[in-house]
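A short write-up of the structure that comes next.
In this document, chain identifiers A, B, C, D, E, F, G and H correspond to the written order of the chains, with residue numbering beginning at 1 in each.
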Amino acid sequence: MTIQVNGRPTDITEPITVQHLLQQLDLPRTDVAVAVDGAVVPRSSWQQTDVGPEAQVEVVTAMQGG
Amino acid sequence: MQTTDPLKVAGDELESRLLLGTGGVPSLGTLADCIRASGTSLVTVSMRRVRPDAPGSPLQTVRDAGVRVLPNTAGCFSARDAVLTAQLSREALGTSWVKLEVIADDQTLLPDVVETLAAAEQLVADGFDVFPYTTDDLGVARRLADLGCAAVMPLGSPIGSGLGISNPRAIAAICESVDVPVVLDAGIGTASDAALAMELGCDAVLAATAITRAEAPARMATAIAAAVEAGWLARAAGRIPRRESALASSPFEGLLGS
Amino acid sequence: MQTTDPLKVAGDELESRLLLGTGGVPSLGTLADCIRASGTSLVTVSMRRVRPDAPGSPLQTVRDAGVRVLPNTAGCFSARDAVLTAQLSREALGTSWVKLEVIADDQTLLPDVVETLAAAEQLVADGFDVFPYTTDDLGVARRLADLGCAAVMPLGSPIGSGLGISNPRAIAAICESVDVPVVLDAGIGTASDAALAMELGCDAVLAATAITRAEAPARMATAIAAAVEAGWLARAAGRIPRRESALASSPFEGLLGS
Amino acid sequence: MTIQVNGRPTDITEPITVQHLLQQLDLPRTDVAVAVDGAVVPRSSWQQTDVGPEAQVEVVTAMQGG
Amino acid sequence: MQTTDPLKVAGDELESRLLLGTGGVPSLGTLADCIRASGTSLVTVSMRRVRPDAPGSPLQTVRDAGVRVLPNTAGCFSARDAVLTAQLSREALGTSWVKLEVIADDQTLLPDVVETLAAAEQLVADGFDVFPYTTDDLGVARRLADLGCAAVMPLGSPIGSGLGISNPRAIAAICESVDVPVVLDAGIGTASDAALAMELGCDAVLAATAITRAEAPARMATAIAAAVEAGWLARAAGRIPRRESALASSPFEGLLGS
Amino acid sequence: MQTTDPLKVAGDELESRLLLGTGGVPSLGTLADCIRASGTSLVTVSMRRVRPDAPGSPLQTVRDAGVRVLPNTAGCFSARDAVLTAQLSREALGTSWVKLEVIADDQTLLPDVVETLAAAEQLVADGFDVFPYTTDDLGVARRLADLGCAAVMPLGSPIGSGLGISNPRAIAAICESVDVPVVLDAGIGTASDAALAMELGCDAVLAATAITRAEAPARMATAIAAAVEAGWLARAAGRIPRRESALASSPFEGLLGS
Amino acid sequence: MTIQVNGRPTDITEPITVQHLLQQLDLPRTDVAVAVDGAVVPRSSWQQTDVGPEAQVEVVTAMQGG
Amino acid sequence: MTIQVNGRPTDITEPITVQHLLQQLDLPRTDVAVAVDGAVVPRSSWQQTDVGPEAQVEVVTAMQGG
């Protein structure tokens, strides 16, 4: 099944938690925040929140700007 | 040199009245230099998608310098996007402070005050300390303050333009009329612009492009920091009135042959 | 804070690029405070008839502060009077430095450039180091420099008006075109004016009324000194160009939902 | 005979030197300069320079200004 | 003299691009003179409670002059009051045109853009041709146009101040960005201000105090009318660019002795 | 439309207060159009060596239009050259009127006031009616008037720059202080600049590049002519004072619900 | 009974129409508009619309302004 | 012999008057003025004024400018 991670189609084999997704994609886990389908997933819920089919996942961090 | 009083805002005290924007800084080393040279207590960052290939994050640099971070919602065109971005920034960075930016289009980068007001209302209700970028419209600034924003941040002129303060009377009117701190945002081109902002009554100045894209960024950071202090002191010192005619500074009594 | 290079003028080096005029100072105690707060290296005085009942002279205050004195010819309407006044100042104070002022009338206090040029020529020939007050007329400034003046001192706006720099392009043109130091004289109202003068390319700024008649003179002296330094650093730092349109300071790549 | 000292008529009994004039009028002798009839009289000449009838004498010093 | 094209607005064509405000006019006779001298096609009035003892109404004067009337909602602080006032004006005067004014307070008289937007939306839905007074905020002007307003009327500076156009770039940006006619409202002090407004791209100018409170109102009406035309023609004529350096207007070839 | 009083200068009366400079005009046909459209009464020409291959002379065009010619000494760097050029112009064109221009260098084209004063003195003694181009230095303008010049022509900003009036207070001070007509020379970029010049008190305006190099020269000539008239009328009409705060133009009495 | 007309208490003896009220108070009937309790009463309804007790009546016209 | 006319070397065979010089060089004679060696030669003197060897002759007219 395919989800969108930061706008890119990403195949995953089965529903996984946010925590596993970050691990699997080797994304940083500090100083980042995650939204799934337009809602923030607090860090404390990463291990309990599943990312389902066609989910829109955003993983953001601080960059220069402003 | 006598220094300014700290800026009390959102329950904190900032030693420096110069906020530093990090956009356009050529390297993290330069950023570190600019933070040091500016003496700033508060540095903005934007929230963007994680890129595996991204160069280093400015966060570590900001932390090493021991200053606060102020995430912004730059790039948002709607209250909805801005609120989500703010929530993500709080989650990622562990701060309830957010510089709220909702712009009307990607050419002028001017604020969309309607969306800004809507977002400010939601964010205040959600417990944020909101620092909204806005126009120099007095009524809107007052509404933002009345909504419970921590400060208001009217623009001097468009972002990155370096045109200084296009309408000084409008900025002065906001400073007189609003109870929360006023931070001049956008348009600073050089030191005298920053001094003028403080003389008009602003409580602080944010400079980004003016510093980060100057030929010598750290030196410009020092310059603008000095100008902020100069302007703050000058306002406190009570300037002479403007006079349409001259006023002798040397006495006319006791002249030779008089 | 990083400090400015000393100003090399008339064979000497002045640590500070702020010249202090003493006209209008409410007391000698305040004068001492202003000299200290401004960090100035050069203080002007005028030459007047001795009055037995006169209050104390500023000379001792200036000497106690360890700074140079720059006598002026304020109040003179002709080259003849100015030359005599300069000669008396050299005799009385033992300095060949003189701020040459010849004014066109006692209402506008604007320079009379014809008489100023005539006096400058005579004084240079007589061995003086001449610092002439002049208009922002480029041709006249160039002639004064060509005559051998130690510096040129164009006005920003009328003496005591506090109107700042009325014609910034004219001042910048003089700075680009003249080889001797350019000292912005007259018109400074507050800190941002002084910063602007330096950004335009001036080598120093003279402030009198702006400091001495401010509500808090010593504080304003500190402010203007900081502004001179800020402007000097900003010029050296290479400011960003003015742009008619905005330039994003936050990246548009990596936006949420983009 | 009468001379002008700083614009005021002043009676003196006989021609005197600049040096004596300053003493007689109790004027300060440091940080001042003297002109007689529009020409500076250097301090070194005060004792040799007589002030004649109808002379215009200026005695100046530094004041605040500029 | 060549004359301007008529202004097409709200389905009508106005011969003159100068709108006349009647506030402050000393007498109805002077009003008649000003209408005639200005050549205006559109004159504003305010809606107020009938007073039995009131002096004559300006309505008859306006009708005698054969020009359109534009009632305003001056004095309203909320969308609700403005909508009611507009409805009353339509009922009383038989016109669907209304100059929408909702102000933030009675000291600055600056627009309350939030209430103005709300009122504009209701009035457009109710069939009015809405001419909203607004700030020089580009985003708000665009929203007003998008709501279906007949024109937008940004201020140059506060009502009655005579300070001219405080932020010319902001006005020019609105003119470039908005599809409906832009009428410069508030702040005009004299003729050159009106010419500048048109040069910046405005389609028309409203003048009230500048004319009615001038020493010679009718003469000022003529002056400002000429200036509106001058500015309109100048914009159409394509002005020379501003140059930081000089450009000879006489040839350097063929000089004597060259 | 009410028209201006004629300008009395050098014993003549000029119907129009707009002087037209011919430099930069693309063709003699366009020159004829500009003279007509501007309504000018006085047109400048420069004196140059006869070239057998030269295109047609502007003289016939000026004569056909029935207006006076004002030869200038453009391109001269010394009083000597200017005096000779003036004498040649009188001999060639049969007029004692001369626009005296002596410039300091060929980059800035700014006046050399020392040489200008010297030339003016000689030319007045030689029977010329001298119209000197000068800086906005009040003392020099007064000297030129005192020498017997027919008018003084201070610059607004450098020749051909289109920067308008850089120092309006300086121009106003000259107008108040000088008894001969003041003609604003150099720097006009568009209509509002010309209106401003007249509002400041100038008696006339000279425009060259602003008209001849506009995209549509004749249309710009019409525009600037209208602006000169507008500014003249506005000055005569007594403008409202500038106020730092707003002044209601609609009454606050009789409001609904009040 | 008392109503408010343009903010002034006005006694009327019985409910009357807008049309009669204007006549009774000798107010102009051209170039005016009437609102009762915050709602416009169109001219065409003046004869049918009663002004009841405690009504807030506004009668407005054009004045100089703007 | 050689003279300078408007900065160009010009050979003439013998001293001639200003009037003849203009004719010989086919220069216009209206709306022009002539200076020889830095002094104006009035039109009324053209027939009496000789142009000698090495003379600097300027012949000027009105052009656009100013």
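The rule we apply is simple: contacts are C-beta pairs under 8 Å (C-beta built on N, C-alpha and C of every residue); 3 or more make two chains touch, one makes a residue touch a chain.
Fair warning: this is a prediction, and the values are worked out from it, not measured in the lab.
Enquirer: Please identify each chain that touches subunit C as well as subunit D.
Expert: For subunit C paired with subunit D, the chains in contact with each are B, in label order.
Enquirer: By the touch rule set out at the top, what is the minimum number of steps from subunit C to subunit G?
Expert: Step count on the best path from subunit C to subunit G: 2.
Enquirer: Return the chain pair with more inter-chain C-beta contacts, choosing between B-D and E-G.
Expert: E-G
Enquirer: Select the chain at the greatest separation from subunit B, using centres from the mean of Cα atoms.
Expert: When every chain centre is compared against subunit B, the largest gap points to H.
Enquirer: Can you check how far apart subunit D and subunit G are, centre to centre, with Cα atoms defining each centre and the answer in Å?
Expert: Centres of subunit D and subunit G (C-alpha means) sit 92 Å apart.
Enquirer: Can you compute the centre-to-centre distance for subunit F and subunit G, using the mean CA position of each chain? Integer Å is fine.
Expert: A distance of 62 Å separates the two centres.
Enquirer: Please set out, as single numbers or ranges, the residues of subunit D touching at least two other chains.
Expert: Where subunit D meets two or more other chains at a single residue, that happens at 6-7, 35, 58, 60, 63-66.
Enquirer: Where in subunit F do residues touch two or more of the other chains?
Expert: 21, 23-24, 46-49, 72, 74, 84-85, 88, 101, 108, 110, 163, 169, 208, 244, 249-251, 254, 256-257
Enquirer: Between which chains does touch occur?
Expert: A-B, A-C, B-C, B-D, B-E, C-D, C-F, E-F, E-G, E-H, F-G, F-H
Enquirer: Could you list, by residue number, the parts of subunit C that touch subunit A in their complex?
Expert: Spelled out, the residues of subunit C in touch with subunit A are 249-251, 254, 256-258.
Enquirer: Enumerate the contact residues on subunit G facing subunit F in the complex.
Expert: Residue list for subunit G touching subunit F: 6-7, 35, 58, 60, 63-66.
Enquirer: In the complex formed with subunit E, which residues of subunit B make contact?
Expert: The contact residues of subunit B facing subunit E are 104, 108, 110-114, 117, 135, 137-140, 142-143, 157, 163, 166-167, 169-170, 173, 177.
Enquirer: Can you list the residues on subunit D that touch subunit C in the complex?
Expert: 6-7, 26-28, 31-35, 38-40, 42-43, 58-66
Enquirer: Mind pulling up the subunit F residues that touch subunit E in the complex?
Expert: 1-2, 21, 23-24, 37, 46-49, 51, 72, 74-75, 81, 84-85, 88, 101, 106-110, 158-163, 189-196, 199, 208-210, 212-217, 219-220, 222-227, 229-234, 236-257
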